[in-house]
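The two complexes that follow have chain A in common; it is paired with chain B in the first and with chain C in the second.
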Partner chain A sequence: MTNSKGYADRNQYGKDSCLHEAVFFSQNEEEEGLNVKQEAVAGTIGQPIAPAQPRIQISYMRFLYVNKNAKWAMLILLPILLLAFLAPALPLQAPLESNIRASLNAPSLEHPFGTDKLGRDVLSRTLSGIKVSLFVGFSVALIALAFGIVLGTVSGFFGKTTDRMIMGVVDIFLAFPSLLLAIGLVAILGAGTVPVICAIALSDVPRFIRLQRSLVLSLKSRTYIDAARTVQAPQIWLMAKHIVPNTIAPLLVAASIASANAILIEASLSFLGLGILPPEPSLGNIIKDGQMYLQQAWWISTLPGAVILLIAISLHFLSDGIREELDPRARK
Partner chain B sequence: MLSYAIKRVMQLIVTMFGVVTLVFFAIRMIPGDPAAAMAGDNLSGAALEEFRQRLGLDAPLWQQYTDYIQSVARFDFGSTITTSLPIAGLMLKALPITLMVAGLTVLLSVLIAIPLGTLAAFLANKGKKKLDNAITWTAMVVDLMPAFWTALLLMLFLSLNLRLLPASGTVSLEDPMLMLKRIALPVLVLAISQVATLARITRTAVLEVLNEDYVRTARSLGMSEIAVVFRHALKNAMLPIITVVGLSFGNLLNGTVIVEFIFSIPGIGTLLVYGINSRDYPLVQNVILFYAFVFVAINFITDIIYKKVDPRVQF
Partner chain C sequence: MDKGAAAGTIDRNADIPGSANQPLLQVRDLHTHFFTESGIVKAVNGVSFEIQRGERLAIVGESGSGKSAMAMSLIQLIAYPGKLVSGSVRLDGKELVGLSEAELNKLRGSAIGTVFQDPMTSLDPVMTIEEQMVLPIRKHLKLGSKEARKHALGLLNQVGIPDADKRISSYPFEMSGGMRQRVMIAMALSCKPKLILADEPTTALDVTIQAQIVELLKTLTETTGSAMMFITHDLGLVARFAQKVAVMYAGKIVEYGTVDEIFNSPRHPYTQSLLKTIPSVSGEKRVRLLQIQGFPPDMKLPIIGCSYKERCPAASERCNNDSPELMPRQGRQLAACWLKNGLMTEGYESITTQLSRGELNALTKQERVNTADAAGVITTERSALPVGANEGDATRINAFVADDANIVLQITDLHKHFKKTSMLPWKKDSEIRAVNGISFKLRRGETIGIVGESGCGKSTTARMLLKLDEPTGGRIELNGNIQIVFQDPYSSFNPKMKIAEIISEPLDVRKIGTKEEKQLIVRELIQKVGLDPSYLERYPSQLSGGQRQRIGVARALALNPTVVVADEPTSALDVSVRAQIINLLCDLKEELKLSFVFISHDLSTVRYISDKIAVMYLGEIVEYGAAEEIFVNPAHPYTKALLAAVPVPDPKIEASRSIELLKGELPSPAAPPAGCAFSSRCPQVTVLCTERKPALQEYLERREVACHAVS
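Up next is the complex of A and B:
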């Protein structure tokens, strides 16, 4: 299994982005190398020699306004987020409140997504499920980023035995299809939000380690790193100040896709009855509830599913936006 | 080629060894007493000790480990806790059904996706932006649809409303026509997302090749555009396409678990979900091990084909 394959078992984006970024970084190499050499003459270890910040700074507000993909992402994601967090203030039935007399009601003004068998409001349950989904997606991306950055940098930077050991373990984890690894881990850890997050993160961490390692390898031999070495910058300084900041951008692209995937996997686990268990609503278990009443009450399953799709689409837009912002060649 | 294959086989063995080790230790990581957890927390005292002995959980860890490696090498996966049936037998019975679903899906999706993706690239190259955009956009959205949601939508429209295909019923290998009808919906669900992924990759790969010199040469020799695209461009774009067909197997394996569960098809995935719900850890352990083996083997085959198609490739 080669480097570029790591991410592709769920999505070809990771692979694309990795390639894009690698090309992108090498384009700036000479220019950067020159600047650094000049600075290095005057530089001391106490001051950053190469630019310590990512060289291409994202102005976040400008990014969200100007980048077309990012704008689309926000247009879908913000209303969903707002609705989910303002749900308690909306004139809706509470997610767990049942009303047997209003069982399986079709969508109406009072219940925009209809009601389920127990007469619970599906919209209210969906909004509550969205919060769970986003929490899972966000946590998984954060955990994967944290472990990926540390272990990937160490593996790529030190090479040799360290690298071989870390990559050996990574390869073993990558031998499992992602959902199946998560299913196996949930079988051991049990159901619930935290075990689900751990299970999904554990299948994402190896992919991030691989990505980070490949990025570090492409940066390691840069002239500005050599320059910093010549003034005897300690290794930890090289990694923390000169290497990691320059890998953040492609990692963000991958993280945004990882969170979309995590949301899909959480929904799949909950749908199989292995993730977040009822009565706590999650998008997956609402859809599972509705499966039995598919013919009488199509709304219970189909509408929350459409919400998952919208969230996934918006996160992909976001990742495309970040990629475009960082690689001018990807702009149309 | 041969030395490469040998090197890859060695790698394969190391990875599989690692996978078996991981699966072995993962089961022993169950919080608390694994034996008690497997017994469903309803045994105690002497009964629990006897149960522990039956599972071999009383032996020292290293002995359990070597025993496990040996039994895996003999394809002897032990028996389930709840029904005491041999796991290998259960898996052998479920395997042809899963294989049929997965195999038909790959066949169907390759047959649809490659012409579709090539067509999109052809249209993009011709400057027909709108049609190309329509295909690309649809593919992106379809790619992101959760499999279980697609399954429920198709079930709703094709089997409940239009009554075209059955969504439930018995599955038996004796009656091939009935079997085909029964697995048609699951295959369709899986194929839809596979087609979306593959078509996108095919489009990108072909588009990239269309700018090459030899394509221009072929055109200048007066070849028809269709011959240029299908005979020259597509052939050279096969490399990334093969990789993605191989890699999307991971997705496909994930998907089989979900569609088998939804359409209650007695394949390996259903066995897995049953195992988890009945806390049958040996069953879960071995089914997951089996999936990992299949995935690793497919990656291996992809790499070999890749090397065969393009001898320049270095690993």
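Up next is the complex of A and C:
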């Protein structure tokens, strides 16, 4: 029944293939429609009312308990977050405190992740780096969401010249590989947390604008928009009441992927010496520190690397979980 | 359900005289369940029937009654998570249940052909017709590629595709809906099947095209000797097309018989009621339509007793405990009801007379009047509120008073031309005249029906009336406020908004009333459309199609409109729900003195509800006048053809009708024929018609017709 529609949608979003999760959203409503067909026929006055069917909606507690992907994501992410924020309270050496005599120590009870060249505790630095990395990841996602929603909605809703201008700029930015764009921007702005966030967000914002625009285009012709137009609802009303609320869900999926991506790019930038400046630890620059000692001290690069991997994986699990929750058919 | 009872059915069927020859298809106690997360849906729950060679059987039922699941079970193509649980399907004596996938694949497409509802989804959009047709022919008939192509061409000719040798290399998107459905039929026929399964094959098509396709299927089954199982919810089509009818309800066949038996002497209360929910085709008009109350049972729960008992006015104690099986009545008719003649059984006549007079609804109607009175009070209160909508209308009202105080809507020479500018400077801009100079007047409390094929400009007219599109010419003069009820109750509500928010949205936008006043108005509105206020806290996805359409009506009423445009308000609904919505609109028309612009291709509904009718063809009105006159005595050849194309739910009328089919399809509005727009399809076309365009002229006092042949 939804076949033809699904096909068309897929074509439409084809260009934003990196974010094609969005495809599922527009079929969702129809799916809901099918679910209630059983109910049929009206409950006229004086008639018993059919029992309410459970609405397909993200109920957060249920989401975390029932959704397998989300559960895995939280099983990994929560302990990491907990450790990162409780780090100062743990019996660990401070991240910046060095002890030359204990340099390049292998992992032990005292230093579970070992120590680096300057004798700093790698676990303590990693935990501190996680905070920086997650901050970068979530900031980038938030910035991308904010710009994406505003510009994408405006572009898709008004169309014509507005759309052409915004899309022109977006296409120019999309033509650059995101890492190169970030490197270029950091070279101009200088290294540090804020420039890194700006640099990464700059490459994500155009993607979000495109995604939001394509969602808006498919929503724009919905009958309920026409219904609101017939009572002369102002444009801002249509966008705020009818369009944006219906695009939030697929955007969240994209945002969780974007934050994982941002963490990886931040690590790459730091690794290249363009990211967070030492001595402040970030997962990337810890790995860079260890690069020279890979032969003698594998733990300096490998263990923070594993943490990046875990965070990225769990964020992807999370996005899968959100997607499944929005599209009941994706559930096995 | 009950094995013993089902076995009984088998025996009885075997006893029926005349079935000594082995039937083509024998289905016995078929059960198909859908194993969903929230429980097992017993979509097909013990179905047994037979199809003889060359016989056309129609399966009728509401959506959710298991018709499609049953058809798909026969060829074992059930969508996940459905599964054929038990039963037997014998084709030509050969058991199909339990065959391997490979053996089934051989049967599908060769012995059994299928035609689905939407040809666009069943044809592969990236393959040409030839590629899609030739492969199965080569595989099943073991022909070489050249012979297979020849065979395919022959089939396309047979199903009436002009220029078949050119059309065969086109892609599905290059063809019209009717052509695609013809291709689907050609494909279904390609391997000379013994049985064709058609699942709502004409639902997605226009009436005139539907008539062509039905006629085609009829002649094809007669010439090829294929039997056909035809799923539909259109009782008119059944009367026109089928020989036998099986009525399904809640996963079971509740009544089975020949077309005449089912239409003339239905025995099951469900069939009896169903036939009364459709507007009658002739005789007295405006008899309140029967509404089947209540809901079909939840197929996840076990059904104890008769599945129809909750909705049946004649249900007794026995119905609560014992489930009636199909039992023989007169002739070959079978019905699953304890009463011999359903609602017509002796001792139940009171119900029957009540039913025919619609008195069973008296209670609900009384309640409606009460709410209407209450609403009247509110309405006067509301008119004291500042209503922004009526600003600026004052001048228009003055303009009207001179003419006719009762006219609420007047459109004069309305045009909507869509221009398509080409990028190439030497190419001329093409222009599509979607609406090309139409005029009509609507008085208070009057309903005008606009009918015509899709693409005739009905919906564009509606959009202009609602100011969703700007007209390119002409005037719309409106006294008061205009609102719309949309066709599709599924897409016309924001899924993220509660019903209360949806109904009050017009008030919110116009900033009418305080929060408390708005709540009060919303409660009044939802009661006015016959729903319980507890629905206000729900989301649209929690309502059924009919309930949603009621909400659509409530939303349209929120701003106290004088005119309501209803754009195909019932075409997305089930037959039994249609009657409810039509009754609701009729009630509102009386209570609130509303004027309706009723757009539909369902002519019997239009006839039922309209006072005036405008027949549109290619953006122009070709006939305009009093509804009853046009239906009884159509003047324009197009109106005649349109009326002939609509199947009537009465097999006697259908059998006696000589159906004059319209040739061809609607011409492209970008290149309409010269002279009269209808000249390319008109059976009475003359040279004059292709040269001069006929103007809309007075005809028989109360009508206007645009045709050279009529004067």
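By definition in this document, the second predicted complex is superposed on the first by the 276 of 332 C-alpha atoms of A that agree within 3 Å, B and C clash if a C-alpha of one lies under 4 Å from a C-alpha of the other, contacts with A are read in each partner's own complex, and residues count from 1 in each chain.
Just so we're on the same page, a residue touches a chain if its C-beta (ideal position, glycine included) is under 8 Å from a C-beta of that chain, and two chains touch if they have at least 3 such contacts.
Remember, it's a predicted structure, so these values are computed and weren't measured experimentally.
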Taking the superposition on A as described, I'd like to know which of chain B and chain C A:237 touches: first, second, both or neither. second
Figure out whether A:67 sits in contact with chain B (first) or chain C (second), or with both, or with neither. neither
Going by the contact rule set out at the top, does A:285 touch chain B (first), chain C (second), both, or neither? neither
Kindly classify A:126 by the partners it touches after superposition: chain B alone (first), chain C alone (second), both, or neither? neither
Okay, in this complex, where on chain A does chain C touch? 3-4, 7, 28-30, 32-33, 35-50, 52-56, 222-224, 226-234, 237, 241-242, 245-246, 331
For chain A, which residues are in contact with chain B within the complex? 1-2, 5, 8-10, 12, 168-169, 171-173, 175-181, 183-190, 260, 264, 267-268, 271-274, 284, 287, 290-291, 294-295, 298, 301-302, 305-306, 308-309, 312-313, 316
Contact footprint of chain A on chain B as seen in their complex: 14-16, 18-19, 21-23, 26-27, 29-31, 140-141, 144-149, 152-153, 155-156, 160, 197, 200-201, 243-244, 247-251, 253-254, 257-258, 261-262, 272-273, 275-277, 281, 284-285, 288, 291-292, 295-296, 299, 303, 315
So in the complex, which bits of chain C are touching chain A? 37-38, 41, 62-64, 118, 120-121, 125, 291-296, 298-300, 363-364, 367-368, 371, 466-468, 482-484, 486-488, 490-497, 505-506, 509-510, 527, 530-532, 534-535, 538-539, 541-547, 550, 555, 559, 574, 576-577, 580
